[in-house]
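Both of the next two complexes hold chain A, though its partner changes from chain B to chain C.
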Partner chain A sequence: MTENDRPVIELKHVHKHFGDLHVLNDISLTVKKGEVVVIIGPSGSGKSTLCRAVNRLETIDSGEILFEGEPLPREGRKLAEMRARIGMVFQSFNLFAHRTVLDNLTIAPCDVLKTSKKEARQEAMRLLERVGVADQANKVPAQLSGGQQQRAAIARALAMHPKAMLFDEPTSALDPEMIGEVLNVMAELAKDGMTMLIVTHEMNFARKVADRVVFMDGGCIVEENTPEAFFGHPKSQRAKDFLSSLTAH
Partner chain B sequence: MTVSQLLNQYGDRYLQALFTTWRLTFFSFLGAFVIGIVITVLRVSPIKPLRFFGDFYVQIFRNIPGAALLILLVYALPYLKITFPYDVCVLIATVLIPSAFCSEHLMSGMNTIHPGQIEAARALGMTFFQLIRRVVIPQSLRSAVLPLTNLMVATMLTTSLGSQVPLRPMELTGIVSYINTRSAGGVMAFAISAALYCLTGLLIGAAGSWIDRKVRILR
Partner chain C sequence: MKTGSIRDILYEAPGPKARRRIAWATAGALLLLAALLFIVVRQFYVTGQLGERYWAFFGKLTTWRFLGEGLLTTVEAAITGSAISFALGFLLMRGRLQKNRLLRWASTGIIEFTRGVPTLLFIYFFFLVVPQTGWKLSAFWKITLPCAISACGVVAEALRGGVNAVPKGQREAALSLGYRETRLFYRIIFPQAIRFVIPSLIAELVIVLKDTTFASIVSCADLMQNAKVLISNYDALLSIYLVVAVIYILINYLLNKLSDRLARRMNRAGAAERSAA
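After this line comes the complex of A and B, so read on.
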């Protein structure tokens, strides 16, 4: 096994219920170092739940989730330390509303990684530069456009030097003209070798950036393939139906 | 007596009473504020007995009349061989009751925080205390400035409990009884104290609005 075949995220036979709803049904999935895996599927199929289970924002009923070979700690400081190594980007940005964009990027590195304030600020400015919102550093989130907020949120996650990034529909809350700017940042990240697990409805992005596409329906992984194979020749009827429902309008 | 006669004769005493009320209000509110924050942290902590204690504390001190609490502190505690000076008894009563309300205001302030921000903080690897300190309490406080301003005014009015014990120096309500037992100050003696309470309330209100404008969270 070479360095690059090392699994970063590993789910083994994961099950989860919400009451009677079997929202994750025997999910096994591996994301290797530097790999970009895109999860697609109809609404309610369990994509968000899967993504959130990887850093234990959702607990699971059974099965196993490993990050860099270690099982996710159940709670407390150990879990916090593990989460610090996994970046997460949400649909609704979730920047801290009471602090400036710059502060949003420095709070966690200072508190969690014990980075010095000065160093954290320099690193934050570099990251804001990289995602193209450095000129907004001293504004509060509500003064930014959705696209700018989401790019800042990506920078905030990157400030922790994560070993992998989770994205849960990062562009779904954005006006169409802002989707591109966020996807561009994500494509850059992928090119730089970031390990990424992305839930998205942006099929063109998946086609271009993904190493693998995972199609979920009803809590199960129905199909898993390269983007060329999946979009070109979907094997299952459900995937075919889903893809044609997207092109229908 | 006319107002000017009263002020001539008791002007310095009123001034002293005003400062006593201010001092009581300041320390009571400060104490209530600090304890209110601590109780609020307990009420959202991951440890169930602490949550229970916090809720219990609030239920007790939100629902007990100030006078009853003061009587307990002054007359009942000595039976347990605990005796505080009168001013400490007044201070304890005027800290405990507003602290329960302070916690309630912070809890409703907390409801204005988008749950996604809590998840984001967790996802960044922040511990419970980091999350509380960096995200939850600051945002709750900023959203609760106006209710807390009202609480400070209410705390000021609660310090009139000081008139029920031999407090020295006297505060604004105690001074009225003092004057009325010496001269026939009548309703005018009350009116002066009332005016001073109002003035203080207006000042607190103005300061509260100013702070609120400064720290309000843009959403």
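After this line comes the complex of A and C, so read on.
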């Protein structure tokens, strides 16, 4: 029980500015082991910035971010080692364009974790199998559909055996018919107990998969609740407005 | 990649009307070229440049061997000079992209300096100034080094352009996987950047090759210098210059073909090949 209550990602009073813009305003958030937390909110509310701050792709002005109980190192080898334990999936996939799909999964384990080539390949094929793109292993990313690329990108992150996964709008760049295949892979991951922090506009997915929903607006966390409570009875006016704006179109 | 050459992206396949227009334009251009050639040859004939004494020595093996030796030196100088300029250019590009301000400024200064100064000035520097310092250089290096230095700034900027053209997401993805800057550059960024700049690098090779024609200044026996010797031996200016020009054009044409080939191959098969290896 105590094992599962351990916080994996912890933000304490985090502030960040872009010039005059207060993008993160006193953000405190905890994601426990095996928990799936979904962040929603209007465009420009700071969701991506929050997500990227967790592996320090964005620096913060003040406050504290802990991963598995340790503060995020500021730079150098320590930071790289910490990042290697946090998987990240981007809106635009960002698969390495000059490498095959298979290489995309083996290159980081070989370079960073010093896994043997053979072992990395076996693991890579297993993961590609799992996300359903094993038959595309020897193609270049540009030859894959968006949905296949994103599933390969998830597999690439998993190849590092991350302790948590960050998703920044993983389906926003996809054609509608491909969104489902990516969400299915993510739901599987959640079921297998992966700790996940997900920024998404897919409300049905949030309702089904999330343990908790965090609603952000104007750089603040306005509301945080279980999906049932949040979608059933949003407390704040801003959340109500946001939800009704979604159903409006 | 699915896309073909840049040409395919920039131009639509021509329709029937466009194709007819292209055919007419081609015919017109050919006619014009033929007319021009006629005028030139006629002028040669009138002024007696077609006379046997201006061309007979091209039948001799020694002439060609002499030109061949010059050509070999030219090619050697061009390849060595390019190799040096690529190496220097790479270092300068790395310097200009460093966080360290001193390194960045120094690199930027050298890049701008070498880009701004004409090759000829560097050659005169190596010809007139360097020997006075007691540094003894052979004629070959007196032409190769200044050509290399003159090109390295342009090479650095071309490489930097390639590096900046790699989408930012590639870097972020690698960082998120635990890469650190140096390895990230060599494994992820540079292999992609080099593909963007192969054509400009080959174009730079052509410029270095052309710059080596100044070799006669430092009396290095390159193609141009040997041609000049032939000219004074046989008192035949036009015919020899014509032949030498054709040789230079041929080499540069071949280089451009090579550049197209390389660019296409790298785009298409690069990744697949590497994974098979």
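Keep in mind that, in the parts below, the second predicted complex is superposed on the first by the 248 of 249 C-alpha atoms of A that agree within 3 Å, B and C clash if a C-alpha of one lies under 4 Å from a C-alpha of the other, contacts with A are read in each partner's own complex, and residues count from 1 in each chain.
Here, a residue touches a chain if its C-beta (ideal position, glycine included) is under 8 Å from a C-beta of that chain, and two chains touch if they have at least 3 such contacts.
Quick caveat, the model's predicted, so the values are computed rather than measured.
Clashing of chain B with chain C is the outcome of superposition onto chain A. With both structures placed on the common chain, the touch criterion links A:77 to chain B and to chain C.
Applying the stated contact rule after C-alpha superposition, one finds that A:138 touches chain C and leaves chain B untouched.
Contacts of A:102 after superposition on the shared chain: chain C is touched, whereas chain B is not.
When the two structures are aligned on the shared chain, A:125 is found in touch with neither chain B nor chain C.
By the document's definition of touching, both partners, chain B and chain C, reach A:160. Where the contact sets of chain A with chain B and with chain C meet, they give residues 55, 57, 77, 80-81, 83-88, 90, 92-98, 107-108, 111-112, 140, 142-143, 153, 156-157, 160. Taken together, the chain A residues at the contact with chain B in this complex read 55, 57, 77, 80-88, 90, 92-98, 107-108, 111-112, 140, 142-143, 153, 156-157, 160. Across the complex, chain A is touched by residues 113-114, 116-117, 119-127, 130, 134-135, 138-139, 142, 217-219 of chain B. Only residues 55, 57, 76-77, 80-81, 83-88, 90, 92-100, 102-103, 107-108, 111-113, 138-140, 142-143, 153, 156-157, 160 of chain A touch chain C when the two sit together in their complex. Listing the residues of chain C that touch chain A in their complex gives 1-3, 167, 169-170, 172-180, 183, 187-188, 191-192, 195, 270-272, 274-276.
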